[in-house]
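Scrolling down, you'll hit the structures one after another.
Same chain, two partners: chain A is paired with chain B first, then with chain C.
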Partner chain A sequence: MSTAVLQSERAQVLDMRANIRRRQWVDLAFGVAGLLALLFALLTLLALIIDLAMTGVPRLSWEFFTNFPSRFPERAGILSAWVGSFAIMITTACCAIPLGIAAGVYLEEYASKNWLTGLIELNIINLAGIPSITFGLMALGLFVYQFQLGQSILTAGLTLGLLVLPIIIVTTREAIRTVPNSIREAAYALGASRWQMVWDHLLPYSSGGILTGVIISLSRAIGETAPLITVGALTFIAFLPHPPVMAEFPFLSFQWLKDPFTVMPIQMFNWVSRPQPEFHVNAAATGVILLVMTLVMNGIAIWIRYRFRQRLKW
Partner chain B sequence: MLSSIFLSLFMSFNLHAQSTIKIDGSSTVFPITEAMAEEFQTSKKGAVRVTVGISGTGGGFKKFCRGETDVQDASRPISLSEMESCRKAGVKYVELPIAYDAIVVAVNLKNDWMTEAAVPDLKKMWSPEAQGKVTQWDQVNAQWPKEKLKLFGAGSDSGTFDFFTEAIVGKAKSSRGDYTASEDDNTLVMGVANDRFALGYLPLAYYEANKAKLRALPVKNAEASAKVKSVLPSRETVENATYYLARPIFIYVSEASLKKPEVREFTEFYLKNAAEIVPSVKYVALPAKAYTMSLEHAKKNRVGSIFGGKEPIGMKIEDLLKREASM
Partner chain C sequence: MTTNTNLNLRAEVKDLSFSYGPKKVLNRVSMPIYENRITALIGPSGCGKTTLLRCFNRMHDLYAATNYDGEILLHPEKRNVLARDVDPMEVRMRIGMVFQKPNPFPKSIFENVAYGLRVRGVRKRSFIEDRVEKSLQQAGLWSEVKDRLPSPATALSGGQQQRLCIARALATEPEILLLDEPTSALDPISTTHIEELITELKKDWTIVIVTHNLHQASRTADYTAFMYLGDLIEFDTSDKLFTTPRDPRTENYITGRFG
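And now, the complex of A and B:
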């Protein structure tokens, strides 16, 4: 080989090395940019949380949970607000979870793939993106005036139920889709009907994913304010809904579903807009509680997903 | 068997209904009514339930005139169109003034050129014609700085907005649109407190809670050059009606609801305790005579409004009482 060829090969190698180095630089730069973007988002959130916690946490006490709202900021509490939020969450869960899971299972396992199913699927995805206030307006016309349900916990629960329904349907379908087809075929091969296959195999195996979706949708619902204001959530309530249990027959009472309500975000908003700074502290404390509740719910969702992933092996 | 259980479950929906008083309306009146509801429920030991919502004066009147609420909180008198819709639905009402509210014109602490707010100057700043044109301080008064004029005020749904526009511009709801509008008065406080070249108007209670951050301007209803004393907003000047931007605020009680003993009791409780509770939530109470007179009206079910749908601007308490008495 002549020296000329050798030299040109050497030049090529050098060239390639420079190229690689440049690419590594670009790679590094992108990594740093990504990290900065992440830090920016996280630090903003962290600053907000710390600010909220520093104002709100000293205000937290047992009385804050057991007192009704009051004109005296130091005596005011969130009893009616958290009971209202809790009652509405239960109503929402009771109507959205069975409907959502059933719809998801039907669309994934039973429905034949035709244009109608396609249209329904498209609509469900669209519904998930509709602003929540629209649901509130619809509920005001339909539940409050048409069905005469009034401005009650039932109306609020149904409204939020409709709001989170698309999320539950979509996550249910995704969870079911992760179950391998071999499981379905194995069940059929052993003579199971479609219902037995769904009930005994599909649902148990995908329940981790479904539960995750359910909890995340509920943690979205708990922070919703706009649709509840539209259906007529009140601002001052210093009494609790009727108790669900009675001393006499039939022991269970559904009177509470018809009761008026307020929820934590609304209570918080009312306190923020007061002139006295003491009420702003109350609002921050309510914010801390809402934040902790959402964090706990999301934490449970992650834990459930982790547990089910560990248990399932195929 | 099963169906009978279901039936009884369903029946329990309508068992033991406690009496509930439904109140809705203005967010300005809310703190007073909230305090009354709190005290009333305590005094009744939970036998009566009171709910208070904030739909705004306008939104509240819509519900009130459909007969959905018993009591309406209003930061202005009922308007002609609201009277009409109440009349159509057959809803009659007793009008009860319960306190005074004042609007404060406030500037930044570092504002050293404005010593008083003359109504014609305010009109130059806030009238609809000023939109896009009056954008600098020196356009209002040549001696003021050549700096951008930043305005903060109430959102168009509030009674404060209706009153301010009528008192300053001369026509309710007539205002320029290019200012920072907020239904949350704390936003207005922050806006004015953080900008040297800002001016805003807000309810007295918000000014009093933020005295260290803002400066209230004395107001005079005359040209800046006129030899009229300008008046600072305060409890005294609102009470003796020398402060121009003060107005009475009301509750309206449905006549049909007054037939319910708990609503009548609540109304009387409201008027009997107003003199004590109104100042405790940072509003200016009416003189004791006004409350006894209103109590008479409530007892005699005197329905209707004395204002004919107009804002009571610059109305002295004596005038108000006279009008009430002549009803």
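And now, the complex of A and C:
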């Protein structure tokens, strides 16, 4: 081989190395930029949380949970707010979970794929992203004025139920879709009906994913404020809803569904908007509780998903 | 086509055409299925052998835009399983199927085998237990799993899982057993196991098996059908089809000139 050829080959290799170095620089530059973006987001969030915790945590005490709101910040508590949040969560769960799961299963397994179901699907995904106050306005017209349900726990529960329904439908469908088709075929090949296939296989195998979706949707609902203010939540409630059990027959009472309510984020908002700094401390304490509750709920969701993944192998 | 008058017909495919939407996959296929015999469907990929097998238990009904034309008559009453007024659930309750890839339910070994009975509403515990044991014995799995029936089926090896799927199909005593390339996902030792098992099973069952393994067809099947591009090219006893094929396409295929 002539020296000229050798030299031109060497030049090519050098070119290639320069090119690689250049591209590696770009790689590195993006890596650094990405890390900075991540740190910025994380640190801002962390600063906010620490600030909230430092202000709020010292205020937490047993009385804070067992006292009604009060004109005196040091005596004010969140009893009516957390009871209201709890009652509304139960109402929301009772209406949104069965409806959402049933709708998800129907869309995924029963409905034929045509333009109509396509349209419905698109709208459900769209609904999941609509500003929550729109749901509040709709609920005000429908539940409060049309159905005369009043500014009650029932109205609030149904409103939040509507709000999280799309989330439950979408996550249910996604969970069902992870069950391999071979399992469906195996069940059908043994003579199972569609319902037997859904009940004996799809739902049990996807229950981890469905539960995760349910919990995440409830943890979203617990922090919602705007739609509840729209349907008429009170900001100052110094009494509890009717108890769900009674001494005489039929022992269960649903009177509480018709009671007025407040919830934790509204209580928090109310305190923040007052001039006295002592009330701001109360708001921070409520914020800490909300934060911990959301964290716990999401933690449970992750744990459930992990457990179910471990148990299921295809 | 050779018809054997000494054997009882278990089923009969008559002028069966099948299409996915506009795409025709089977073209006027006719063939007999003899009682207590193994019938193999062979042919290159995409020839329609699996499609034909899945017509027998109306698996195609699960998907949109599929269309049957022609008949599959189930003997002795000569019921056309493809008829519109026949519920696919009835067909699947009478004709069992084992799939290409083992697909046990993520439940216990016991529940897998018992599921076909549960679907039928059988409640009696002792009956289910007896049937589970019998089916697992027939599938040659009993001695390996009898001490761990409550443990998950997915923990079994691939070969064991496939035998479990066979036991699951046998538990409801189907009139015909369909096997769709039952060994294609298994190692050679498990394959031998399953092949021996299939030969054993024909004493009590009528079997239709799809395979791309020509040795498997010639070793285990009594009858073999060679399919090509949706047509049934040749149907004969495995002996004749593999030694003296009549059609040049069959000969080319079994001698490995295409496939």
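Heads up, the rule we're going with is that the second predicted complex is superposed on the first by the 314 of 314 C-alpha atoms of A that agree within 3 Å, B and C clash if a C-alpha of one lies under 4 Å from a C-alpha of the other, contacts with A are read in each partner's own complex, and residues count from 1 in each chain.
Rule of thumb we're sticking to: a contact is a pair of C-beta atoms (placed from the backbone, for glycine too) under 8 Å apart; a residue touches a chain by one contact, two chains touch by 3 or more.
Keep in mind that this is a model prediction, so the values were computed, not measured.
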Can A:Phe249 be said to touch chain B (first), chain C (second), both, or neither?
first
With both complexes overlaid on chain A, does A:Ser182 touch chain B (first), chain C (second), both or neither?
second
Where does A:Arg311 make contact in the superposed view: on chain B (first), on chain C (second), on both, or on neither?
second
Which chain, chain B or chain C, ends up touching more residues of chain A in the combined arrangement?
B
Would you sort A:Tyr205 into first (chain B), second (chain C), both or neither based on which partner it touches?
second
Per the contact definition in the header, classify A:Ser112: touching chain B only (first), chain C only (second), both, or neither.
second
Looking at the overlay, what does A:Thr235 touch: chain B (first), chain C (second), both, or neither?
first
If you stack the two complexes on chain A, which partner ends up touching A:Gly191: first (chain B), second (chain C), both, or neither?
second
Quick one: which bits of chain C touch chain A in the complex? Just the residue numbers, please.
57, 59, 62, 64, 89-90, 92-93, 96-97, 99, 101, 103-106, 115-116, 118-120, 152, 154, 165, 168-169, 172
Chain A residues within the chain C interface of the complex:
112-113, 180, 182-193, 196, 200-201, 205, 311-314
Give every residue of chain A touching chain B within the complex, in rising order.
68-71, 232-239, 242, 246, 249-250, 252-255, 257-258, 260, 270, 272-277, 280
Considering the complex alone, what residue numbers of chain B touch chain A?
5, 8-10, 12-16, 20, 27, 30-31, 33-35, 37-38, 41, 46, 49-54, 183-186, 203, 205-206, 208-210, 280-282
